[in-house]
Amino acid sequence: MLKAGVYGASGYTGQELLKFLSRHPDVELKAVTSRRFKDLFVSDVFPCFEGLTGIKYVDASAEEIASACDIIFSALPHGVAMDFVPKLLKSGKQVIDLSADFRLRSLPVYEKWYRKHSSADYLSRAVYGLPELYRDKLKTARLVANPGCYPTSIILGLAPALKSGLADLASIIADSKSGVSGAGREPKTGSLFCEVNEGFKPYNILKHRHTPEIEQELSALAGSDVRITFTPHLLPVNRGILSTIYAGVKKGTTTKDLIEVYKSFYAKEKFVQVLKEGAYPNISSVKGTNNCQIGLAVDSSIGRAVIVSAIDNLVKGAAGQAIQNMNIMCGLEETSGLGNIALFP
Amino acid sequence: MLKAGVYGASGYTGQELLKFLSRHPDVELKAVTSRRFKDLFVSDVFPCFEGLTGIKYVDASAEEIASACDIIFSALPHGVAMDFVPKLLKSGKQVIDLSADFRLRSLPVYEKWYRKHSSADYLSRAVYGLPELYRDKLKTARLVANPGCYPTSIILGLAPALKSGLADLASIIADSKSGVSGAGREPKTGSLFCEVNEGFKPYNILKHRHTPEIEQELSALAGSDVRITFTPHLLPVNRGILSTIYAGVKKGTTTKDLIEVYKSFYAKEKFVQVLKEGAYPNISSVKGTNNCQIGLAVDSSIGRAVIVSAIDNLVKGAAGQAIQNMNIMCGLEETSGLGNIALFP
Amino acid sequence: MLKAGVYGASGYTGQELLKFLSRHPDVELKAVTSRRFKDLFVSDVFPCFEGLTGIKYVDASAEEIASACDIIFSALPHGVAMDFVPKLLKSGKQVIDLSADFRLRSLPVYEKWYRKHSSADYLSRAVYGLPELYRDKLKTARLVANPGCYPTSIILGLAPALKSGLADLASIIADSKSGVSGAGREPKTGSLFCEVNEGFKPYNILKHRHTPEIEQELSALAGSDVRITFTPHLLPVNRGILSTIYAGVKKGTTTKDLIEVYKSFYAKEKFVQVLKEGAYPNISSVKGTNNCQIGLAVDSSIGRAVIVSAIDNLVKGAAGQAIQNMNIMCGLEETSGLGNIALFP
Amino acid sequence: MLKAGVYGASGYTGQELLKFLSRHPDVELKAVTSRRFKDLFVSDVFPCFEGLTGIKYVDASAEEIASACDIIFSALPHGVAMDFVPKLLKSGKQVIDLSADFRLRSLPVYEKWYRKHSSADYLSRAVYGLPELYRDKLKTARLVANPGCYPTSIILGLAPALKSGLADLASIIADSKSGVSGAGREPKTGSLFCEVNEGFKPYNILKHRHTPEIEQELSALAGSDVRITFTPHLLPVNRGILSTIYAGVKKGTTTKDLIEVYKSFYAKEKFVQVLKEGAYPNISSVKGTNNCQIGLAVDSSIGRAVIVSAIDNLVKGAAGQAIQNMNIMCGLEETSGLGNIALFP
């Protein structure tokens, strides 16, 4: 049994990780940390754990966690993870970091969008944890930078079109809509029920921090610099991201053509479903699962593709993808512990 | 034109008051205060005011507000209002207080459920602002204690049954469900979208602070001490309170009998609708209005009445009722400025 | 591997059964029927199944289904199941019926609340499928009548109080609130998003068909006739039932006393959690799970208990309980396939 | 007092019209028709009208309605209005038609997207009822084709950019999100609460019938043929449309430049608010109002504008705009009866 720990498990992503780990057939959950909730049962903080064997939050050092576990998930915030993760690595353990601190390979880009980086030399050692693109590297990775939720939905939505050279690189627009759990569990006026419910709005237009992460991966796929327009919106639902992506394609390209390219690209992927012509994903069809569903349409006469990609932001966009990465890094079956069917309705 | 001011208008009830006052045909809104939002436009804090003539929040003393206004609405929190309201009254102006500080006529009861009272002598001078019960007193009131939201729904739901002697006083249970706006706009984990949405739960069972207020008024109606069981629940909606009330009645009493008593009691009331047999209220039918809808059923064989009462907690349960009180206190048409039809759907 | 089939799997409960059965380690899903969706993939009707091995709906006779399966779940509507289920039984297979047709042991009661019964002789042979009360009988049952959703929440909430003789039988009130999936997937105006969202209302007051089912089981527990007042309400959520139950108890009984009785009653139950003093369940803590969470409070001075019980109406209130029954009937581990943790948020 | 009637008032738009008309200071509501609800009180069908003076649905001919009213709102569906509206016009009365039947000026375009038109000669006589563009023509109009909800949000969002020649006509994309009331009140599986709640999806990609209406008006503004990509999505809210619109602009154009053009274009409009830099609309800020709020941003380096436009689909997108048109057609104050402030929260 693989021994796993979660560092900083007090938020929505943290508790989601605990669910996957505690049901995983090949994993023993050894430690769950939270300074704030120290000594409380997880079920006191998240009553959905009531009745499971009593896991308690502990406050532990990196070294203590490292000595108890084979692999550690860090769910610390950006800026904190950069100091903590290297300590774990030095103790020789594998780390999956869910913050943004190791996702960008370029130090200047990181420091432009975020802040000064205290562990810059690790940027080049981290593997970007999107298995559909980096599976081979992940097999031997020590440090995995688990992708952001918006980036996961957009990169998976565009990868086949970019890799195949079908998309006009100057024309890419990603109009994304995310459920509220993406904003975390900190009490903020903007995340209050009454502020969000029966509302809908965009935010951080042209300045969301996921932009450089998306552009880094799209550029790698295209083999050339890609600049996109990315507009995130806040959806009045708990979970889910749906990205509606627009890209120019050669006039005459048909929906069938595009679907064929996508089906072929994702033919062996267990967690990506390319829908048939005329079908488009709904976030409710992936709720609670590690799946990404993709629907495609092309306006052949003007040469523009509409690509719709849906994931659960807490699963394929965070905790589930982290489990998938763990499975790959540790030589387990890639789908192990990830067999959920969407909770619909 | 009546000159009105709102003191402490930074919450949901405060902004709701501003809406009613700025559309009221007989009122000029002179001042709106908030220490936190000082110098900001109301529309910067609540974008639903965008495009209306620019009202700004000011930070002003009681005396400054009093000198500019004929009547002042205090939307300060419990414990703060008790110090502030007397200052306004001393300047000779009328005050409608939306806190709990002047609702209870008994000092010991207030101090048991809330805290030490700094202005206890005002308790006996305040009029409880439920027009359907205290209209005559309100006409000459200087200080009105605007009722709580749960109490409004429950007292209106029980008044005819108690006044007529129909209800068994030892058997009263009020099972109430409230929208989230009742919890205010302060950022709290428990009011976050993800905590409330797709959830439903009771809270403060047997210890909610509205209990003594409800019992005070039910006892006055019954002419004898009434103790109730009151269970509040949090509904995943923005607005609305629905109270399902149970009370023993004499066996053989029919639904028709009860409806007749209620229709007669509320015959002249503009804001209370007693529904016909078999019809029950939905909070969506009173959303945004000052109405209270009541539905009734009796199980004649076991002698138990089910009384269902619905209001909008921010309107009949707070701001709208305050406007109704103002209209009465100031000799205006009681329905003036309160002609909204529910925003359905 | 147990061979299972689902007859009439086109609704919310049907698709939920398919999820549990297709993930169940000891079951092979052999057939799924729907006249309406015949020849369609389940994933065409419910896109949450996209990417799973392609199960198709078939239209098959009772005999065909019976010959392919060891156990059959009937998800046909009331009035249809009564004709169909006997055919399956005659072929010697085990049947779990999710309709109301075999839940009532008294023919006159069934015919008063529902309609003429065509297979009345089966009423006495069916076992009421609430494992916490009827586990032993279920082990050898051929026909199990899977309980209604409201009854499950109310009976589990009251069983310890009635069995122990603590509750005053004349005073029981169940104020229940259900998510919309309980109304099924048939298109009806009253189930439209805009009719339900931001609304809340009671319905079928004093005449809901689950009343006789609840009273039958409460009477059996009490050993004496019990009549209750049951008020169902429609909650604007997808899933979940929360019942707030009131019952007289002897003055002086404390919350601690009641909790002790409940903890002892349910000590060995895997799917019932009795919460500690001051904690009350939220439907979001049982979403997607087979759990029932119960919170308790007693007003000792007036002698009244408040019992709060929460389940997922589609799981412990329908499909999950059916799986639990199957596990018991077929000698499998009772918790097999039911290890979900609630999907929160 | 203007005498008004509503023909076919059984849906969400119809009841919304009744609200505006019954509160309108210059209007007397003379007749409300519905074949289905004939002889029922409006309050029986829509309980939000409970307690208002009892309006009843009647079943009446075009001639009967015309003889009782000065102006008639037709809320009949597409394909039915085309036969009915000419009858009203022949009787000399003014008509505001809320269907799509008279919105398209080109017969072939109408017949390509909808069906054979039985009253094609009226297409050229109808005035497209978007007051911000056609106010002068509306003053003398006999037949007004009230715009669609999506078109209203998109055309108002693009008008200044197109009229000023700022936008690249080949690059326009409108990514729109609509509340569920836009789908009407007919019972359909896709509009059920459980299908929509906690979900989000696009629909009718590249083939929504509002496309030609949008393109007609954008082309008129641009003075040249415009083809757009329009992607509608279904939002889990009752009301509101938010359109996120993308258009190429000359590199170097700034957000400030664009805001200036918009502020100037809409300087005299009472129902359009152009937000300041960095502010974007939320549908909750226009809920229940006739307002359109617009926020703007430009990525100067790549030359792309992001235009965000929000309306209430039932008000500015339907009933409210119809009232605004009536006010203009009948010489009333344009804002009369439309003074609502948004119902937030």
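For clarity, chains are labelled A, B, C and D in written order, and residue numbers in each chain start from 1.
Everything that follows uses one rule, which is that a contact is a pair of C-beta atoms (placed from the backbone, for glycine too) under 8 Å apart; a residue touches a chain by one contact, two chains touch by 3 or more.
Owing to the predicted nature of the structure, the values given are computational and were not obtained by experimental measurement.
Note on interfaces A-C and C-D: more C-beta pairs are in contact across A-C. Taking each chain's centre as the mean of its C-alpha atoms, the one that lies farthest from the centre of chain A is B.
One simple way to say how far apart two chains are is to compare their mean CA positions; for chain A and chain D this gives 39 Å. With centres defined as mean CA coordinates, chain C is found 36 Å away from chain A. Computed from the mean C-alpha positions, the centre of chain C lies at a distance of 45 Å from the centre of chain D.
The set of chain A residues touching two or more other chains comprises 12, 181, 194-195, 197-198, 236-239, 281-282, 284, 287, 345.
Against chain B, in their complex, chain D makes its touches with residues 12, 15, 19, 22-23, 46-52, 181, 198, 238-239, 270, 273, 275, 279, 281-282, 284-289, 291, 293, 339, 341-345.
Here chain C touches chain B in the complex through residues 170-171, 173, 175, 177, 194-195, 197-203, 205-206, 227, 229, 231, 233, 235-240, 242, 244, 246, 280-284, 287, 295, 297, 299, 301-302, 304, 306, 308, 310, 345, going by the rule given at the top. Contact residues of chain D toward chain C in the complex are 12, 180-181, 185, 187-189, 191-198, 236-238.
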